[in-house]
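You will see subunit A twice below: alongside subunit B first, and alongside subunit C after that.
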Partner chain A sequence: MAHPTQSGFQDAASPLMEELLHFHDHTLMVILMISTLVLYTIITMTLAKLTDMLVLDSQEIEVIWTILPAIVLTFIALPSLRILYLMDEVSDPHLTIKATGHQWYWSYEYSDYENLEFDAYMIPTQDLTPGQFRLLEADHRMVIPVESPIRALVSAEDVLHSWAHPRPGIKVDAIPGRLNQTTFMASHPGVFFGQCSEICGANHSFMPIAIEAVPLPHFENWTSLMIEDA
Partner chain B sequence: MLHLTTGRVGSLLAQRVTAALTSSSVRMASHGHEVAANEDLSQPMYWDSTNVPLPDRRYKVTLSSEDERLKQKEKGPWDQLSKEEKLALYRLSFSQTFSEMNQPSAEWKTVVGTIFIFLGLTGLIVWWQKVYVFPKPPRTFDDEWQAKQLQRMLEMRMNPIEGISSKWDYEKGQWK
Partner chain C sequence: MSETIQEKLNNYKTAPFDARFPNTNQTRNCYQNYVDYHRCNKALEAKGQDLTPCQWYMRVYKSLCPNSWVSRWDEQIENGSFAGKI
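Here is the complex of A and B:
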């Protein structure tokens, strides 16, 4: 999660999010350059002592300040499209998990090998132990093996929800009657929190998602335990 | 229904006749297309402006006899005019000099002062809100909880690359 007063992105937990962070840096740099130029122009024009009363138009500069922004925009558009298409690549996932949104909790099904299903409700604020994260902790975490491509199929049972976590860079809408697919990979172990990102009723802010990426042996332990408990 | 009634015929004819007699093409055709005159019918004005420095008229319109004498002297060689006379002649023609026109005013003090007053008022309202309106924040905002939360974030290695966990030295148990 973000530390208090954090205004930038959280660290990336997947290669795709890393790409997005770099793209964001690149775009912000372009914006910074443009803003500096505009600010400089405003200041020099405001503080100029003399006024040219006879300037009506100038075709040359009009051409320049049309062509130049078009070029700058291609510099932004091409990396953006690259990442867009990168997102759509399916990379032979090792595991498929279905995440279904309900009012107001998520349910996960791991049906590749054994039928493993569980619900994940938010831990209410009054039930938190000191140090736990308010509105982010869930009673069950979606555990995945680290460094394995995972296919997530996202849908909803009742109304629109959205399965989103900033660190792996995932946001997939959960639409009733539709299966949306995304593939992602956790680059390092850890717990990645996310929150429902499509308004879905009274407790829309209170249905978080917690993904826990663990090494494969730990994952296998966990699945065995979960299946025993079921 | 589009019936050609008498009324409609009448109005159509009237429109045709009016156009034939008064339209701009008719008027243009009735004489040569030279412009008779470009008359500027505005009244001569005086102004002080750095953009348009030469106004329509002299500043002092009615001249005293002393001024008339100066004006006559101006018609001769200018190096015979003293500095005071040159300045007096300038003041006959213009109200302000360029440096007087460009003088800054004290307006900025009013503007900045008003900004601060409004900021202060806003601050007062914000403080009053905090004391009398807002409910108590959840227990997770207590200092003790925040400290435990930060501890937990570090233990869980959250944001370990460039974020918070990367700023903590795990071996020494202190911030880097």
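Here is the complex of A and C:
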């Protein structure tokens, strides 16, 4: 989850998010270097005591400062396109989970084998137990097996919502009448929180998603227990 | 490759990648499998054959389609108001 005054991304929980993090770091470094150079140039030129009144143009420098940025841009574009296509890779999912947005909760269906369905409401602040996170905890977590490619199909029952969690690097819009697919894989066990990311009414800020990635035997236990309880 | 339908059904994990629907929008994938299941049933029943092959479509649509959509369509089929051609 995010920490107070955090300025960077949360730690990645999926290989794709790791790639995005590295790309972001790379691009930000390029931007910082360019900005530093430009700032330095502006300052030195502004504070310089001498002025050359006869400089009108210079073909050489114009060529250089056109070609060099073009090269820098390819250094940004190539990793960017690589990740873009990586995100669209065909994967062979092991499990399909349907996440449906409602006003104001998410419902999950695991219907590959038995039909497991449940709703996940936010735990109100007054009902939190010590150690739980305000506005992020849900009464039912979406449990997934760790290191398995999962297909998530996201839709909505009423208005637009968006199923987003920063750590696995997922954001998929939930549109009524449409089924949006995303595939992801949790690289390690843990609980990853997300929040609805499309304005959907009064309690838009209060319908979080909690994903819990656990080893496969634990996942199987959990599904059996959930089906029994239903 | 020459798995029998029974083997395919036994080894079913989840809906496999369908090259007809490679993109993010899987609405048509769900709808197509639902409709194909009913069409398969209708066709094989008319010929008096075993309905097991149609189970594949059922497993796929159950994996993909939200349950609310499936119940709504099932009701429409019972009423005779389902818009698709079966």
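Quick note on the criterion: the second predicted complex is superposed on the first by the 230 of 230 C-alpha atoms of A that agree within 3 Å, B and C clash if a C-alpha of one lies under 4 Å from a C-alpha of the other, contacts with A are read in each partner's own complex, and residues count from 1 in each chain.
In this text, a contact is a pair of C-beta atoms (placed from the backbone, for glycine too) under 8 Å apart; a residue touches a chain by one contact, two chains touch by 3 or more.
Note that this is a predicted model, so its numbers are computed, not measured.
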Review point. After lining up the shared chain so the two structures overlap, which partner does A:P217 touch, if you call subunit B first and subunit C second: first, second, both or neither?
Key: neither
Check your understanding: In the superposed arrangement, which partner chain does A:T51 touch: subunit B (first), subunit C (second), both, or neither?
Key -> first
Exercise for review: Examine A:T96 and indicate which partner it touches, taking first as subunit B and second as subunit C; both and neither are also allowed.
Suggested key: second
Practice item. Once the structures are superposed on A, label A:P130 by its partner contacts, choosing first (subunit B), second (subunit C), both or neither. Key: first
Point to revise | Parts of subunit A lying in touch with subunit B, wherever the complex brings them together | key: 1, 3-4, 6, 10-12, 49-51, 53, 125, 128, 130-134, 188, 190-191
Check your understanding: Where on subunit B is subunit A touching in the complex?
Key -> 50-52, 102, 138-140, 144-146, 148-153, 156-164
**Study point:** Complex contacts: residues of subunit A adjacent to subunit C
**Key:** 90-96, 98, 100, 109, 111-112, 115, 117, 151, 153, 155, 157, 172, 177-182
Practice item. In the complex, go through subunit C and note every residue touching subunit A. Key: 12-17, 22, 24-27, 29-30, 59, 62-68
